[in-house]
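Structures given as structure tokens follow.
Each of the two complexes below includes chain A, the first together with chain B, the second together with chain C.
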Partner chain A sequence: MSTHPENQTARALELLDNLKADMSPLKEYKHIGVKGPRRIDGLAKASGQADYTMDVQVPGMLYMRFLMSPYPHAKILKMDTGKAARLAGVRNVLRFDDPEVGKEEIIGKVAGFFGSDRPLSGVAHMEGELVGAAVTADSEAIAEEALALIEIDWEERPFMLDPVAASDPAAPLTFPERYIDGNHWNRGAYDELAHGDVKKGFAAADKVIEFKFSRTANTWVGPERPCGVWKWNGDCPEIWLKHQRVHLPKSRISQWFGGIPMNKIQIHSLYQGASFGGWCQVDWNLGPLWCAALVSKRTGRPVKYIFNRREDFFGGSMDEGVYFVKVGFNKDGSITAVEATLYQVNAIWPVFNPVLHLHDNTTIPHLKGQCKSIWVNKGHTVPTRCEMLPPVLTQTMIFDRVAAELGMDPIELALKNDGAMGHDMAWVNEEKKQRGFQVRDSLKECVEKGKAEFKWDESWHKPGARKLPNGRLHGVGFTWAHEWDDSCGSGEFAIRIERTDGTASLLATGADNGVDAENTYCQIAADEIGLRLEDVHYNPQQYVGFYRMTPDSSTNMSVNGWAVRHAARILKEKILESATGPTALTQRGGYQPAFPDTSPQDLDIQDSHIFLKSDPERRMSLADFVRMAGESGCFSTDEFLGVRTAWSEPLFASSYHVQYGAYNPVNPRPRFCRQAHFMEVEVDTETGEIFVTRIVNVNDVGKAINRMSCEGQQYGGSIMGVSRAKFEEVVHDPVTGVMLNGNLIDYKIATMQDLGPVSTILVETGMGYGPYGLIGVGEDIGTVVPGLMAPAVFNAIGVRIDDFPITPDKILKALGKI
Partner chain B sequence: MNKDIKNYACPYCGEKCRSADELKEHVFQAHKGRGLPAPEGSIKLTVNKAEYVIRVAPNWTLYYLIHDKLGLTGTKQFCDQGACGSCTMIVDGKPVLSCMLLAIECGGKVIETVEGIAADGHPLIEAYVNNHAMQCGYCTPGFVVTSKALLDRHPDPTEEEIVEALAGNLCRCSTYPQHPIAVREAAGKMKAAKK
Partner chain C sequence: MKEFKHFNAYSIEEAVSLLGRYGERACIIAGGTDLLGKMKDAILPAYPEALVNIKTIPGLSYIKEDGGMLKIGALTVLSEIAHSEVVRSHWPALAQAACRTASPHIRDMGTIAGNLCQDIRCWYYRNQNNRFSCLRKKGGRCYAIKGDNRYHSIFGGSVSGGCLAVHPSDTAPALIALDAKIKTSGRTLDARDFFEVKPVKTTVLKADEIVTEIQVPEPAAGTTSAFLKFALRKSIDFPIVNCAAMITLKGDRVAAARICLNAVSVVPYRAAAAEQVVMGKSLDEAVAEEAGKAAVSEAKPLEHNKYMVAIARTLVKRSILACVGR
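On to the complex of A and B.
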């Protein structure tokens, strides 16, 4: 064993080959997979000591608020900010036509696909857009008061809210500054996706059906609103920002004001009051930060901005749109062809085609899908829990329709069409073998467990066929998908053994998203190095430069898990080499090793102790091993006393992982792990109310590292999913284009009383591409479950409702009662 | 009224004195040992067993006073509209939405925040940690405080009673199933401790 660079490179390549099964998992797990490690963040969060960016106060801090457009599409012709500037307590009024604002173009440049190009615009493309002016004052209240004093002459422009209508070439332009030849703005790998020949597929089908469904705007409702603080320490900025990936804004900030060296930018990523993904990546969170930076420079004071609750509602989840679907299938249940078109609203990534999941996990030989991303005069839609919402929603709607057409159990239909990339399970199983996985039937295992728990065979019935004694109609629904963790993410991690007590610190900058990922990394590091779990700690809020994939994109463990494991293995080798060889050469020679006359292969580490494998009684705690170096400072005491004891070099290792995921259009990795979900509802035919009485989630996570975390994503995703399907809808007035319910009184999310028990079952087939065979789970359930409401309600009332959310008025209308 | 005399009014009792020296003498004789008088617009309140005398603006909410002015940032603002329970504090024994209560109305009130509950070593804290009754954690203090108020008035609640008590607290991560488990665990510990 050696940490020789060549060997490391070879080992790294082996570990980084994520196109096949994990070739070197551990033989035994002590902490991995054990239920109930204490949450690292638990005490801080439960006791109110966890600080979020919203909580930050810096001495001398000023508060910034922004003007909101009252119109969905309008241009500022004239703006008088004089009265606002003269209000007592106002320290600065920044205008869109300020020369410095005008020349700033960097906000949206880095990633290239973001919305506005400037921090403050003179044109609004949605009602509520932060435009025109930013007021900075001694308090938020004063800033708000000053905003009301700004006088503006607006030029109102025509606006569009409906994506299908806006796609008409004759429709007025909704964003003429950017899209001059229509409102269609696709760009991305999956805006069109096809394999086979759909014409052939439809011709070969016993039956072809066509239908349309839609999903109105719904949003993330992050409890902590977008916010940030900017403080200049000389020419070095210090920033607090609510953001899931602070290395991204740091990179952008480095290009502001003519360039700020990265090593002068100190950015804090405190606890995150949940944002569920893509919100952080939209420009208008960074636009305000740039304004705060400029005003902080001009006033010499720290500046904080916080969006209000309504401002947090501008924008939403990227399943919003209208879907047109054509499906061909045979009497035996085999689906021969699918063609689907999605008119998607303002998607930040208009790349996730409605047939993508059908490509990923079915045998369907002929597929064609198009994602038309249309700009209308509303906010961006972003991945909210996941960008996979459109494809999984489409999959659920298709499979339930086909099953109903055939009178077939939807589970049977799922098993019939399970496959990958148009190939059947024989091909998939061969792929599993070739890639070193054991061959298991993930979907079959999931549905068997789920059916038993749910009592599916007793519960499923013909649509509209079961009335309960309480007068309600009973319905059940089933859906399925593959598990995913395939965004092409990358991450870096380092691990350092602390001096003095030998504890291990994980080092990587990230954002706590609440999924207890931090503990999960510690579980891996502890098992890999041989440490007690309590001896491993990770504080992600310490900016250390290494950036990790955050727990969004479900790519957390399949990227960061590898990076931690790899760093841990390198570090373990380093510890054992240090324990067996003389290090730290001084004028009097090297220090005697802690385990003389041994080689690293003779040693191992367990329970935070190094020991000789052939004689476990010869052992030394890691704390003792490093203590001398820690307590004697630069080891002068030892030298002075002439006592030569063990010395350890600084024990530190870093590594990284780059995932070659299936988001790559070449799609190199067939998916092997599946998930299955079951929902039971009761529908009150008098009021139209839906009661979700129980849900069963079954997820093949490959290998569960942190069980409670996995289960938390299951029940949490289910409840959020029901909330989205049943309640959530951002409503815009079609006449004025104004958002009507940007608050938590009028926009309902599920409470503790809104659904019955959620049963969570984990399946572990080891067929994930992550370390130990794991695959991500965090995004999946909250993404798949919303669609499940449609099959369950159809099974109850026997009538299709193709418009999400499924609200009582739609039920009553479907039943012909209104 | 003589302008000079007005300027030498005693801040404690309003007694008018003719000079600064006379005022000093009066204060020394009549109000010896008392702290500085509260300035106009002040309220006195007890927060987590500590007394505060603080001057408040009429538009401050209790949330703003506690979070921004006293720096007890454990209480979180989520909806800012009385719809989510995140900013719950216990005021004179009852759970109250602090974003909906003006600070100026809280003179003489006894207030408990999550920091006080944690400092007292309430078993709810440990039960919340053990049961992962949190994810992002932003709404967690509101749940802890509401649960504490429930246990104060009902030390052994059923699951239904817990769900009813916490139905006004929103959690976007949807950790709901864990809260009744945590509250029941804390209630059990409190019961055992009493025996």
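On to the complex of A and C.
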């Protein structure tokens, strides 16, 4: 099948150009931007029919459980697994010192369950680490019982929990197998970020302030526990895996057992019981899968590994740590310099520098940020919720401090410093023009809408100045940031027109994460091809290859949206070419085209019908068009009987999109879309309780494709934000290093009763780099809103609380009540 | 979970007999909302060999007024108590306590007797796989004393003065404030005498003894009651502090007062000092404030739970005022 050369060229350029506005959006939208398509996964999930990896049952399947370290830092000196192996129902005991367990290279660079040096380690670097042995048995309960029979002589080692204390050169080593010169992991690129000269900036400032704030760990725990199933079909593995990026494990698995061809690996990614970017994000998820693969080989039976609830608590988000900040600013509100250092806990991903957002969306001319990734004896921190948490939190804390110091409305301060990469809005607007965007002031539009909805001018007051009739102190907070969804990633999509009825199936393998991305892709495909929305379907659980980017905000629509659009446009060309040209030649001769004597340019598709543009009455449904070739399947009765109708080739197209986005240090893209958030609280000064009475979210999403999905993120992100600000923290016993609240009662996640009404406002400036000018919204609210509670509480009580979560004891202490 | 025997008891006698046979190796199961979590997490050194299911005993779920008192069957679920018009109108503290317990789903499963008999809340005691062999497990020490004790007793401990784990029941303080009695398979006890601190034990119940009924006396004329709870979350949460108060007024003076805090001590804490403060007085903000202070005058907070003292003081004050509609 050939396509027109000029179209190929246009497509190729569009595929490669990530640096400017969408040059060929649709002229009108029928399904894009409409509110209300029913979720594709809604009925299955709401009815309980949806299948998750935890539900997978394979005939003959065994269950694998892992030994958990009772100590935060300890080495196995001697381990006797004899009693466990002899327990009835136990089929195998895999030991850390079994030769085939292997080293970290087997499962990837970031190996081991929690960064150990082996997939199944003999040394634990955190309490609860899965070490030593894996027991496989006829049931989960038997495996559990057998674990208790394993006898171990441990060498307990000193441990550290506090990152600042652990950074002391004299501190005991927390991970001597990996970090032999201290507990600081120097990772390079993301450690340092700077522009300008902060010394100059501080010297030029009217005032310089310094402060510190901290955030304890909050984790990813999801309803579905981590799990996976390994089954050998001969020498071909079939795998079910709870995982957010299933293409990564497949790639790793292809290197196992001396190499397994990719086309022999079948990997299923069913519905996901939530991971929030945590456990199933990265390679270290593969340790248990590797163990399951080994034991499946040993026993000849499928093996399912399962973690218990507590084992899903180990690890947290990347903003855990202690932040030291110095800010210089002038009386007019212009911030001249910021220097920030983050002592960040156990980052195994590149940490996003605390000043990154200030670089991305402010005029601040002098910036210096440093991340010190300190290893302590706790779990990893990964991009749980979002990797933007440290810079967003830093931005909120800085802007609110400076506004308070100046007695300035924080919105005015935000507008004063809005920019990009140290440049002012004049520079930013020129960039918009150069890149083909219309020039709009996103932050101004966001704050104006937000102020009106929130009634900001009547609500904002001096800190600690408003007592309500119910005796509580009233406070409001504001913060802002840029929108993101343009980091890096790649996505592939294919679309196939089904025979018989002409419906379209989107084909791509990817993880579900609940944001209704499925409908969003369908909306694009429907509008681009000219189909009714009900004629487009996407089943992401179907294993078809074509790996798409996870639908998280880091990169979903700005990658996957493009990939769907490219595929849809190619497919539309293909349909129209097929409709205008003979496409098959048999012994009886060639078939007449469905639209003889026309060319593809003469035709269009609307409402799943092909029609002649000059004579719309000449039309044929896509179903009729493909039915002639499809009703009999591969056996054509029509051809057999000599009935000359029409024929179409298989209507299928695929495409992809790749981007490096704003993280590209060589050719970064300025961020143009902004978000603004407003929170109102009441503080009970006798109990320290915070009541979140209102939240207003304004997000410039560029272009809303699936409006309900966008608003869903604004609601969900608000609850998540309040939850992290008020409640969520993983608590470790300071004496033993043992995690104390690894369950869903003691680790508190907010419910809908824990916050008041949430307003959702979408602004659409079209200044995103995604198709139609979109930019993401998914992670943004849940990332920005947690920090917003600090300004709101400060406005209420007039005292700073710089330690998250903001709990009643901290409020009462700040008020001098205890 | 490990395997265990499961017996459906069809009479109290049968349940008592089964419990007598297994002794401490058996547990009673009704709603199961506390027990199953404990078993899944294997928090205790020993795993129950048998569960005796008493949900199969007929006639233990009821709310009725009889002989000048409210009678509630042991198997009555919390949601029924929370929604009962009789309870809400005459014993509001109990209805409010039942309403604030746990979550709607758990209130539909959890029974009133189970809420009284539930195990202590302590994140050392309840840590998975019996990680901390503490005093309540016949172990060597209380790990909360030097550890993170933000949710522990502000009124000292027991079991040789060591254990600081709190009793978390929401309905217990309400029943104590309402001067309720607890009828078991063998006796009838004042609610205030029901709780006891011993290893792997929170009540005075013998191994083969079952709660069968809760009896709450008819309030005297001029009596009102109220229950308040402070928890981090608005739903699905145990109390940091809760408080129930019953006040009887003659004219504008307090003729009788019963105030009980919970989640602040190893057993429900009767705030006798606060009761003394309000007796004979006309209730206003100042008196209630004074009562709140008196209630926590004996508090001995730990390193991390001083805030609980402030909250307890406030809840005593507010529950008193709530009784008089303020």
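In this text, the second predicted complex is superposed on the first by the 784 of 818 C-alpha atoms of A that agree within 3 Å, B and C clash if a C-alpha of one lies under 4 Å from a C-alpha of the other, contacts with A are read in each partner's own complex, and residues count from 1 in each chain.
Simple rule for what comes next: a contact is a pair of C-beta atoms (placed from the backbone, for glycine too) under 8 Å apart; a residue touches a chain by one contact, two chains touch by 3 or more.
Not measured: the values here are computed from a predicted model.
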Contacts of A:E405 with chain B and chain C, given as first, second, both or neither: neither
Partner chain(s) touched by A:D624 [first = chain B, second = chain C, both, neither]: neither
Which superposed partner A:Q753 touches (first chain B, second chain C, both, neither): both
Touching partner for A:N743 - first (chain B), second (chain C), both, neither: both
Which of chain B and chain C A:D41 touches, first, second, both or neither: first
Which superposed partner A:D441 touches (first chain B, second chain C, both, neither): neither
Contacts of A:D802 with chain B and chain C, given as first, second, both or neither: neither
Comparison of chain B and chain C by chain A residues contacted: B
First, second, both or neither for A:A141, with chain B first and chain C second: both
Touching partner for A:D162 - first (chain B), second (chain C), both, neither: neither
Shared chain A surface residues [contacts with chain B and with chain C]: 141, 308, 743, 745, 750-751, 753
Chain A-facing residues of chain C, complex: 1-3, 37, 41, 123-124, 126-129, 131-132, 143, 146-148, 150, 230, 232-238, 240, 304-307, 309-311, 313-315
Chain B-facing residues of chain A, complex: 36, 38-39, 41-52, 54-55, 57, 141, 220-224, 271-274, 276, 308-309, 512-516, 708-709, 712, 715-720, 723, 743-745, 749-753, 757-758
In the complex with chain A, residue positions of chain B that touch it: 59, 67-68, 71-84, 86, 113-115, 117-118, 124-125, 128-130, 132-141, 144, 163-164, 166-170, 172-179
Contacting residues of chain A [partner chain C, same complex]: 68, 70, 141, 144-145, 148, 308, 310, 686-689, 726-727, 731-736, 738, 740-743, 745-746, 748, 750-751, 753-754, 807-809, 812-813, 817-818
